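Two complexes are shown next, each including chain A; its partner changes from chain B in the first to chain C in the second.
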Partner chain A sequence: MSMNQKELSEQIISMVGFNPRQCMKCGKCSATCPALEEMDIHPHHFASMVCEGRINELLESKTLFRCLSCFACVERCPRSVEPAKLIEAVRDCVIRAKGANFLSPDAVPGKLDPELPQQAITAAFRKYGK
Partner chain B sequence: MQRIGVFVCWCGSNIAATVDVAKVVESVKGEPGVCFAQDYQYMCSEAGQQLIINAIHEHKLTGIVVCSCSPRMHEATFRKTAEKAGINPYMVEIANIREHCSWIHKDKDEATEKAVILARAAIAKVNLNAPLQPGESAVTKRALIIGGGIAGIQSALDIADAGYKVDIVERSATIGGKMAQLDKTFPTLDCAACILTPKMVEAAQHPNITLYTYSEVESVKGFVGNFDVKIKKKARFVDENKCTGCAVCTTKCPSRKGGNEFNCNLDNRGAVYIPFAQAVPNVAVIDSTRCLHFKTGKCGLCEKVCSAGAIKFDQQDEIIEEKYGAIVVATGFQISDVTKFDEFQYTKHPDVITSLELERIMNAAGPTKGTLLRMSNKEHPKDIVFVQCVGSRDNTARGKCYCSKICCMYTAKHAMLIREKYPDVNVHVFYIDVRTPGKNFDEFYRRAVEQYNVDYIKGMVGKVYENENGRLTVQAVDLLADRRIMLETDMVVLAAAIEPSSGVKDIASMLTASIDTNNFLTEAHPKLRPVESPTAGVFLSGVCQGPKDIPETVSQAGAAAVKVVGLLAKDKLVTNPCTATPNELMCNGCSSCERVCPYGAIDYVEKEVNDHGKREVRRLARVNSALCQGCGACTVACPSGAMDLKGFSNRQIMAEVDAICK
Partner chain C sequence: MTYSYFPGCTLKTKAKELDSYGRKAAEALGVTLEELDDWQCCGAVYPMAKDEIATKLSSVRALNSAKQKSQPLVTICSACHHVIKLVNNDMKNDENIALRANNYLGFDEPYKGETEVIHYLEMLRDKIGFDTIKQKVVNPLKGRKIAAYYGCMLLRPSKEMQFDDPENPTIMEDFIRAIGAEPVEYAFRNECCGGYMTMNDKSLAQKAAGKVVASAKLKGADEIITACPLCLYNLKQNTDGSLPVTFFTELLAEALGVK
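And then the complex of A and B:
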């Protein structure tokens, strides 16, 4: 089932659970981001591009897989917009469209490391699991 | 049986677009007591009021219901209309079918049904209304100002000049407030002290003004025209009448480890101190928490060096009781807590400062005697970065959701002052939006860019850290160029959000004045009554009501003063006749009502009653109707249902509920 840009935009907004229109384009997310120079579309563009329904551009963006999910932008955003979650949601759309499962739960115990935070495992499922 | 007229207002399209007014008219015609009903486009207009007067005469109406806007808007209007037509003004009821109905509903059928229900409730109430007569109360011709900053000083001077007595209560040791801490003022760049201190002196010398500095309001009782206030004059441990302000004690005091609040704790002061050179009153004060005499019982050096014999270690707090007719709240603001924004390193690096700290550094009486220096090494900076909106326009738990309003202008001021005095210093301003509405304000900001070459960069700063060169690196993004910026600088100045002063909540609850979610005092009407609190006799001046700059504060202070003078000029105030009355046969003298009464209007008497032929002496509640404000707390508290409010009797309220549930 393929979705049009507007449906994708709505789906992303429902996935993140907040209103990206709260963004006031202050750029704090991009200013904070440690991986900014690696990105083609910068985090502060995500909120407005999702609202405008420019999802195809985002789906093809390098940014999706350059974002470290460090959540520094989420921590510091003054408008409760949580840009890393927006990026994550777009990334999920790409992965869902591929329909493949790159991480099976059975493979997880072998990869476990006591230093590894729980959040990283959950994030890995979101990134690599269907 | 009443003869009731129902008048349904369209309010143009405000009501009529969502409520079928004709249907409301038809629906209420069969209600008990209704002998006339009509709709009209603007009931509050001359023609609308005439329509009501004519109907009252023609149909011999004894009560009316107006279905219109909130009673806060036009209840007074329609009461006067009724009075003109010869019926008691308290025979008027308003059914609020605008704010409570048309404005909040989209579906016309639903809104119409609700409008009919609200009208029916009002009709049920009018059926039980009785004519009421208002009383009179006297006005104490004296005003109280809480807060001695520029807002309080200006309100006090204006009231005093009009010929009324005014007392200023200021919790710190001097009047002057935040403005006294500023170096220069925008948009003219004149020195804050030069324009403020003459007003401070004028307030101190005015025959109608009494200053209570180092004092706090302890309690407020009473009501408009008749407030009873207790003021706690904290012990200064210095005799105000003897101290000459020579400041010898302040230089000799050996306890100098504590920060100097006036200089934002950038330097230290003695335990005995005068806040600043032009303090009013120019009297020393001993900080007993830091004084060695209070801590160890020794020292007493100040006492020895004081040639006037003004040091009084045994001085006690003093309670002053005074009556006032009106109260102005002018409690001002403070800088919000920036320590939550650890990405800027404010708590970790001394070269990261707030704008108010920069004011003190730039001021000749400040910690650096007015020389711009890095606080870390006392060296001259080469670059300085300003960060706007730190905590402002921030809807997270760290910040304030509002715009602090003054930061864009004072940052432009700082940038220009620095570039003027030190042309070798590069000034960078990181902004989200530059907001400069105001006379000569945008021109001022443009001057910073065009003439002073200040580098304005659009984009919030991500983080600040100390680099290997011992300088600070600012990591940000230039949003217009969409590229990363790593800027090396010597100082970072944070434009921290402003918030209402601590303690404003206590003041508001003492005054029963309402505050909003940000602790700003609420005005009676955001547009038309901006300097009045919803609590009668309480007025608002300055930033306690919302962020504003000095010119706006002074204007508002003057406006509040006019309202106070208008009140104090009256000899008598008309009191609300809707007061509480106890039913003597039902009262059991339990004191529940006395305990909840916020106005002290209830006491008890021993009285003989005739209860169905049985004569006995009972303890009964008695309401002083001059003090009662008709809040209704006692009617709710009374366990035996003996207390009733005129105009809002239990029977009337139940009739309304019945009509709604019918």
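And then the complex of A and C:
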């Protein structure tokens, strides 16, 4: 990753289209998040770390691959900060790099069962690889 | 009434019943669903980043096809609906996305979000009306206690989806009443089932889906209905399987006597 932290933070803000500085740190997003316990960086903290430019830490975060994109945080944030979009933007920065796919096509056959809908596989590829 | 119809990949494969019962019921209600020619997979999840263009193109193609026919575009799968509706909003409101998508696609006339995107349930509520449906029911599902599972994608983000009150929706309960059954309201009807996490971390999907089913059971539901193939999967396969889960179109077809 050649960009510096400030540039990366600006890139993420341009990808989401809003300024996370609007966050008032109320914690509603984390309170409503169904994946909270599985995350190392919680949605409200994630938003403030983007503001602080601590992107390198976010790039390594487990949270990127624990968010369910359920939009609960987006819906319930009183300040239109939309943590799910920040998480997706940082995840995009990771998986857009060549060779950085989180889900390899080779791993898919082992995850299939007769009932699994196609939608799950397509969604996982969209979320975890480019 | 004739509408353009986008079935989506999963309705052609694992969720055939969601599609086939939806078509049969529409016919019984005097509605013609015209499947779009050459539609492509919507991608199942909405690409949130403003600089994602390629992943939105299949939705724009579908939207433009419906525009050519001057018909509203009907979806049934919650995920297709969510993706196509949000992309439509982008084409209407985000100049940069609209410009780049249109430059790529090169339609005769740029697509600017003209198509009305409606979910099948919205078609029932807003175009046909639940009262009319009630009159056409020949086999009311009397005595059945049904929990409506909304999940995430139909409702959120509500500013853009405009589907129903995101915290206290009523459309599916009204639907259940229209087909003669008794709706069961429960706390987790608009919380996440675990979604695609079943591919990455089954235990997280099991935790989320388990909460939904337990919450519905606690309120005395005997069965659950949904509009989403992945919700159906999670609620059935990632729980103890104690409540039957079916697609809402199947119950509609049953009530209309065309199952």
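Assume the second predicted complex is superposed on the first by the 97 of 130 C-alpha atoms of A that agree within 3 Å, B and C clash if a C-alpha of one lies under 4 Å from a C-alpha of the other, contacts with A are read in each partner's own complex, and residues count from 1 in each chain.
In this section, contacts are C-beta pairs under 8 Å (C-beta built on N, C-alpha and C of every residue); 3 or more make two chains touch, one makes a residue touch a chain.
Everything numeric in this text was worked out from a predicted model, so none of it was measured.
Asker: Residues of chain A touched by chain B versus by chain C: which partner has the larger set?
Answerer: Touching more residues of chain A than the other partner does is C.
Asker: Between chain B (first) and chain C (second), which does A:Ile121 come into contact with in this model arrangement: first, second, both, or neither?
Answerer: In the superposed model, A:Ile121 contacts chain C only, not chain B.
Asker: Report, in rising order, the residues of chain A that make contact with chain B in one complex and with chain C in the other.
Answerer: Common interface on chain A, chain B vs chain C: 72.
Asker: Chain A touches which residues of chain B in the complex?
Answerer: 343, 389, 393-396, 398-399, 432, 458-463, 475-477, 479, 482, 484
Asker: Residues of chain C touching chain A in their complex?
Answerer: Touching chain A from chain C are residues 8-10, 13-15, 41, 43-45, 47-52, 55, 77, 79, 152-153, 155-158, 166, 191-192, 194-201, 204, 207-208, 211, 229-230, 232-233, 236-237.
Asker: Could you pull out which chain A residues touch chain B in their complex?
Answerer: Against chain B, the touching part of chain A is residues 22, 24-28, 30-33, 36-37, 42, 44, 72, 76-80.
Asker: Please name which positions on chain A make contact with chain C in the complex.
Answerer: Spelled out, the residues of chain A in touch with chain C are 14-17, 34-35, 38, 65-66, 68-72, 74-75, 82, 84-85, 88-89, 92, 102-103, 111, 113, 115-124, 126-128.
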